[in-house]
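Here subunit A shows up in two complexes: once beside subunit B, once beside subunit C.
Then we have the complex of A and B:
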């Protein structure tokens, strides 16, 4: 089963606030193949989550609005025929048939993403009730099955427990169970392990790997932890101020980062067993209300020249589907 | 080792758990810190790592005198706090300052940066208004903020800049020791590197001693000279930062190290995934506290608690190196 699953073209999601227009996502394009893992990395406020939520059409409106672009999702209907649908053209009722069934999401903080007043059985069963119209013993059986898939011990007992009776790691497993319950083709995981301890994070990463191999679903993994990206992802998109500045295979991005920002990110992470002064990116990310002219990274970039200050760099392809948006790129790593 | 500036000896903190509305009986104790011993040399950095709830932050609170000790002692310049007179106690309080995790909640939103930074000087007394203004100006420069920021409120700063303000506040009364409790956990990667480098620079410049507490092993390793690994209120291993990674001895430390995802796609994942979760400190396992999750456990581990001796820097029944 290979081939394209999702293609995002020139997505623009803007927020209309009193002081102006925040272009949180401004012309983002990427593709993801079936059964692959795509990493979206970048600092807070660079538009990672907004991109992901735009795919599910979960942008709060007002003030947010998807003002342009297309999101082509290739899905199979019941009879197994493939069809390509532009998610942005669907009505709000139609998109509900996708949420939780073909595309689902696991959020960062399981403390707030689970409802404290319902049992976890009730919450994990919701996608089955809505999409597969199950009830009674059939529903119960399905819930226990999916709790087993996320390796929750004694699922038949714990099904009646409330979220506060679970630890942080177990709660994130419950969230994951909700996400994978209807065997989605695409799972969006928004910082799924950021709130957890390293040892629990390691358990969950292993779980993600297992679940992904078992059901061959594609994952969009949003994270700022480059270690997780290296471990799980096939491709990476690096975002800065609402745009993708570099897109490439994991191996190439780690070995030969083409964009100065990607390179700086790699070098600013402390690594085990290698004690040295960290490279730090001076300054701070730009205010999205007042973006600098030209390349939005130039005020923090040590390679910037006049051209960078005037015009936003076009897409320069590197090899295959990999590309970078930088005036200074001329093969290999910038230096 | 003559120039030990801060030492703790069998530091212990139990929090009573009470039950009952009328009689308020003590039902048990949460053994948050249970006999921890370590020392920090002048101008060095000691890093404490461990999972949530292992007692790292409680140690910081005990050192800052925010919680009374249950047992054990804190030695500052070779003298226990119990032996100190008022004058020496005052000196201790101003010699030890802290930077906390979340600069969004550790800075008062209704105070301007200059007031935040000069508040410790007001408490210490003996500074004139002009002294304070000069000092604030100097400190802002030290931590890399513009002089104009003095009159700004916390909401006008980004996360990284707020943490710089918090560092400036800690520096204002010329402390000897700064306790850094998860100083970069709430920050973005690019700010993390900025703050870690800044901390390194001011340590060199002012000859400071750090106690850094973090759950991020890579961060601790980057800045520390010595690292202590904690588990359920106890120190399980303590080693020089340079050799902890290459000569790891305790099985728990090894599992903790291997759980950190390495930012390199070519590294084989040789993970010893630590099964299960941290047991409740209300009722810690008998014997070695790590044994329910340890892959090397034997009968003795469940029965006898391994000693942590100064010579041996590891608390485990086996030589696993």
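Then we have the complex of A and C:
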């Protein structure tokens, strides 16, 4: 039976810049169960990556600061007892034990996530060297093993190659290898396929699926590609302007999206065979320095009324664990 | 990082990869600039084995053989291959001994300035903030100083000699290493591989030294080789105007300086040390160019 792995409650990450406070993440809550895949979708700049980096405690400070909330991570200690730890309460030394080993990450751009001056064997070995203190033939065996897991052909030869000798897709595989090297319980994949072309994307998604099934790790998948969400995820959180506006199972969200923003997103996906002009959401995402009062989506929402402009809608449960933040569902003032 | 990579290499490589590596190394050397490399090796050997290579004592005066032209020209003598100077000292021996001064100044002076400059640049770029501002303002000051003028001021206060040139090179040379390292570190520390290293539990020190520092090394190596030429020129110029290395100790600069009075009558005195100087600086620049390509892993595979 799968239990809860990570619970984020009311996470607030703000950036203190000269012109004011950017509330990049402002009260985000979500949960993820062991071995499940959670999709985090939303427009550029809505706080997806900042949420992910907050979990890893990799927010550049200054200017960034996690000002509130808790990130509860449930894991087994050495003796097999379950313990729940608030990652935000750990010191920077303690968090190192979690990062890379229990929570790991694959980043967007394989061009910059590999160090150009070292062979990939050397880089993939770094987590083993530091977390598991391996060296020599044991280290080598582990490196080849993990490269095999991400389906890199001839790993024993390729291990001595430099990143530029790999294609983009292969580099992202190497990157993934680094991410999964220590068998993390949670892998954060920050737009892992955005920098790749479609055929390579498909290959990489397959790889993610395989790796996830093999090792039963939970994945937080950050993307703005709804197709990827539909294929890989169990649950989806839709983010808008630093908040989660809708959280639900993939099946429900694709079948009957609740929040107007989610609905608009679904409309904006091109479909084969439909000869209609593609829908696009009017306007632009709000400037996080000057958020509109009330619901941050109202200036672009076709259902907005007076109440939406005054107050941010509360969390309204709709179906099971699913919730939405929209006045349409709470109070029912909007028709 | 050398320990790390050799570690993986030794244990990892199958026989095939090892031959490939050896092959790569061979092509790498074959593509090197042969003539400049030979010139530099010759100069280094001359500096080290000067007492064995020099046909005469560089300071021994032979009044009867004053201003003897080189052996192949009219009036030359087989005893003095490149001729003699105004007091009859053997020019070839003096040039061979002069290489010592040039090389010692270049090697020691640049080691100090490059090391210091790189450490400061790395610190400055990596930590940013006040540290960065402080170090960079000092660099600005250093770069705005008129080097030759201040060097002269130094030399007039402290008794001149070889060490003063080393001191000046070290003192004035570090700032551009700092600037270049800082610039590269600023862009490197934002790259994802640094975040990933952090995820892999690497400490600040390890990230700085093992993940970031190897990246600018090829730029720095090129800078060093170019600097070698510059410093040798500086030493020559400094000795030429009478500070720095004092006669009768030979240095390329002060031989040139003595030779300038005889340019019309004894052309060889200024010409040969000048040629040696030119060949050395030229070779250093060539080697620097080659190293830049050779050290870049992107070009290494070809």
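By definition in this document, the second predicted complex is superposed on the first by the 328 of 335 C-alpha atoms of A that agree within 3 Å, B and C clash if a C-alpha of one lies under 4 Å from a C-alpha of the other, contacts with A are read in each partner's own complex, and residues count from 1 in each chain.
Convention: contacts are C-beta pairs under 8 Å (C-beta built on N, C-alpha and C of every residue); 3 or more make two chains touch, one makes a residue touch a chain.
Computed from a predicted structure; not experimentally measured.
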item: Clash or fit (per the criteria above) of subunit B with subunit C on subunit A; value: fit
item: Which of subunit B and subunit C A:270 touches, first, second, both or neither; value: first
item: First, second, both or neither for A:167, with subunit B first and subunit C second; value: first
item: Partner chain in contact with A:324 - subunit B first, subunit C second, else both or neither; value: neither
item: Partner chain(s) touched by A:99 [first = subunit B, second = subunit C, both, neither]; value: second
item: Contacts of A:205 with subunit B and subunit C, given as first, second, both or neither; value: first
item: First, second, both or neither for A:125, with subunit B first and subunit C second; value: second
item: Touching partner for A:114 - first (subunit B), second (subunit C), both, neither; value: second
item: Touched partner set for A:71, first subunit B, second subunit C, both or neither; value: neither
item: Superposed arrangement (fit on chain A Cα atoms) - minimum subunit B/subunit C Cα distance in Å; value: 11
item: Interface residues, subunit A side, partner subunit C - complex; value: 56, 58, 96-97, 99-101, 104-105, 107-109, 112-119, 121-123, 125-127, 129-131, 135-137, 139-140, 143, 156-157, 159-160, 162, 164-165, 175, 178
item: Footprint of subunit A on subunit C - complex, ascending; value: 1, 4-5, 7-9, 11-14, 16-17, 21, 191-193, 195-202, 206, 211, 214-215, 217, 297-298, 300-301
item: Interfacial residue positions of subunit A with respect to subunit B in the complex; value: 43-44, 167, 169-170, 197-203, 205-206, 224-231, 250-251, 254, 264-266, 268-273, 275, 277-282, 284-285
item: For the subunit B and subunit A complex, residues of the former touching the latter; value: 51-52, 158-161, 188-194, 196-197, 200, 215-219, 221-222, 241-242, 245-246, 255-267, 269, 271, 273-275, 277
